[in-house]
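Heads up: the structure comes next, in structure tokens.
Chain nomenclature is as follows: A, B, C and D, assigned in order of appearance, with residue numbering initiated at 1 for each chain independently.
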């Protein structure tokens, strides 16, 4: 009976593991059908998640960037929070528009910062695409025929998919064929995403079942 | 000039007055702002949005005075900290909205309000423990066994488990959809499915095992082998190699074309938002 | 490899300025009343075909904006639903618009009401047909699945931003044999829609669909400007690739086309009389 | 109207209750995890480049680890973060952690504390955690211009100026590398706003992996570990048995199961349509 003693939630660690198992099984009960057990734990989850975020928010940000500087006398910081609180008028009819001033600050900042992102994120990709030579020439000595073939495939695929995403002119004749090919090439990219997404979702369930087998039931899984 | 010595009593008092003054100013300004007509309000929002955007855009576009810096760069760092604060207030908005909704459910005894009580109790308990834990880490509050045990139970063994379980459900939906929803009904769907299956098998160890045991393809290629020699070609037919080639040569250009579409669309959207051309949204 | 400032390569400032001009000019042209052309994407033909077949079956049609929060994508999804409602109003086919966001629900009521008026059938408008099921992801999904199965829906239209729960809609739709058309800007969901639905409108096409239907000037002008930018990218790639083939990948002109530091390298080479 | 004839075997197969399918998957994964099969991984090029990039680091170099995952993707991101931190500590490299996801702040801190004990890494001298940041772009730009002023203090409240690990570090420019362990699209912001010479290494959940191949091609990302599968490859390179190795049988055989299920579903539909026309 000794292993039962070990297994049941008498010690603090075992109680914690059992708590984790109950939560997991409660969420999985929705697979059978919606039930009060699931609903209780779902609301528990939403409440805990919202409550937890206040720690990092208030201490790691508000305390560090606002309260601490004020305690050290850096007075210009004082205005950020009082005006920032206008955000909380968002639900009121009369004062709702005040919150949109502060939202305007956030939107303005994200728009102003986007120019650097456009340059940094997309131009190196543009440059890397046009640095793909399409023929064996003396200008690129160490080029191999397989590179040239791959470069052709790369640029043809890219331009075809780009053509598919154009809308301000009618797709007729050769352009229509290129756009249709573009949608088929798009399917290859989507196939790669499909395969990876299935792997991701399976891994999350495998992680949960591993927790039940290993941490709860104590079965050792050595990865085969 | 931007610093008050708060070690002295007079320093502390003046700082407290400044804080009070800031709040009085912010909330005293509201009646004044309310007098603005609707057109004036939209104009004020548009001007604020434009000025904030202009600051960051200008810092990016202005020529440099010395290494990697221009006239506006020193202002970037404090502006970032201010945005960090406003960003966290905006994040807190979601929590505020959630609590407000469920409080109303409880007060008005709206249907199933019992669950709202559960949510609010969980919220208050976890908020207390989370704030206490974070403050204890910064050695502002004492760290007691109650804190360690309570926070660990609520965080490690409840919130973490519920979060992990909630998202693992999706695997079940994918599996039942695989049986009844994923139809190979058109050329497009068959291209997608075939690519997905090759990638799914090619990227896992099973792909290599099958290539070697079932199809007898070579495990590796002698370094000096000619690119078109038999070994090289057989080697490139292994499932892991095919999957890697699909991902690197066929999938990459498609993703890059999508990136260009998203990037150009993003630039157009940034300009529209910056100049408040987007009607009805903000 | 990254830009701290446009000065790292003024080519970036030039290309951003050209695209900005293209977008703004076309927006003001459209606002000035110019008729900007946006092609009718095949997705719209698929929608019309689905509407036609659903009227033969005489069973209801569902419209699902998903979990889309109120914003640009939600407004455009409702534009598409308005178009569908006007088409089915001619055959008095019953419809259900199911939302997971209270703001979207309120705006949707208004949009569907206008749609029936514009179709000349205000009598068909029933406020109960537009419903707010729940703001929780899986509760909303099971609510939609239940309705699709109970009413043996003929066609299901899903437009907006979607997450993993979209699989439940698509699967239930397949079980009852509904025709399904989806359109989303969330790329991670597109593969599943393509596999599960009859037709899928992908990424930028979503914006083109609503622009085509709403003729909204800012959207039209922006799309035309974006097309010009895409043509500019394609041209740069073609010119650059040919140049790289002839002159070599490390030529200063290649560095000029987008690499940080490329501007100074190029002009030093040119002025240095290479 | 629906003819009243007995359902063919195919129709019964398609009309199977969804809950039987869920049970099949659950039981199958338990079986796959317990299979005593060990298939060595093939090291994919992105993982090989990731490993080589860290191998090139010298003891004393400083690296930023951005951990942005909550427990919802713990099965994919935790194996990655563990493998990467073990490799960094083996190389005696200084590292600093930061999070733009609230939950990740405490998860990554607890995980790093556990591993640091194993390698004798001292908090404050060899590694620190900078805590939570609401906005990633704003944090990166701030740190690129002036790291101590942006960070101000670590999770333990020690001012940045007194952190020994930050000796000689004025901004992100003094870092060798950033490793982004994330389930969301945070890497494009690292690519866009980082200092010029900062190497970016990427640990995405598999959902985000396909999109990143354009950044691998352009060199904006040096290496990538794709989900738990990539972690298994990395563990094989490190010669350790971690969660990736323990999950891989579940992953690869569930792929086979999914493929067979899709084919079976299509076959059942095809046969059903055939029998209805006959």
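Following the convention adopted for this analysis, a contact is a pair of C-beta atoms (placed from the backbone, for glycine too) under 8 Å apart; a residue touches a chain by one contact, two chains touch by 3 or more.
Computed from a predicted structure; not experimentally measured.
Here the chain at the heart of the structure, going by C-alpha means, is A. Judged by contacting C-beta pairs, the busier of the interfaces C-D and A-B is A-B.
In terms of their C-alpha centroids, the spacing between subunit C and subunit D amounts to 29 Å. Taking each chain's centre as the mean of its C-alpha atoms, subunit A lies 6 Å from subunit B. Between the Cα centres of subunit B and subunit D there is a gap of 15 Å.
Mean C-alpha position of subunit A lies 20 Å from that of subunit C. Subunit B has residues 60-61, 81, 83-84, 87-88, 90-91, 133-134, 138, 155-156, 159-161, 163-164, 166-172, 174, 176, 180, 182-183, 188-189, 192-193, 196-197, 200, 203-204, 247, 251-253, 255-256, 258-261, 267, 271 in contact with two or more other chains.
In subunit C, the residues touching two or more other chains are 1-6, 8, 16, 138, 164, 175, 187-188, 191-192, 194-195, 203-204, 230, 233, 260. In subunit A, the residues touching two or more other chains are 30-31, 42, 46, 49, 52-53, 55-57, 60-61, 65, 109-110, 113, 115-121, 124-127, 129, 154-155, 158-159, 162, 165, 186-187, 189-199, 201-202, 204-205, 207-208.
Across the interface of their complex, subunit B is touched by residues 12, 15-17, 19-21, 23-24, 26-28, 30-31, 39-63, 65-66, 70-88, 90-91, 94-95, 97-98, 100-119, 121-122, 125-126, 129, 144-146, 150, 153-155, 157-159, 161-162, 165, 182-192, 194-196, 198-199, 201-202, 204-205, 207-208, 211 of subunit A.
Chain contact summary for the complex, subunit C toward subunit D: residues 1-4, 8, 175, 187-188, 260. Those residues of subunit D whose C-beta lies close enough to touch subunit C in the complex are 14-15, 144, 191-196, 198, 207, 211, 219-220. In the complex of the two chains, the subunit D residues touching subunit B come out as 14, 16, 18, 21-22, 24-26, 39-42, 44-45, 70-75, 103, 106-107, 110, 133-135, 138-139, 141-142, 145-146, 149-150, 153, 155-157, 210-214, 216-218, 226, 229, 232, 248, 251-253, 255-259, 261-262, 264-266, 269. Residue ranges of subunit C in contact with subunit A, taken from their complex: 1-6, 8-9, 11-12, 15-16, 36-39, 41, 136, 138-139, 142, 164, 187-188, 190-192, 194-195, 202-205, 208, 211, 223-224, 227, 230-231, 233-234, 236-249, 251, 254-255, 257-260, 262.
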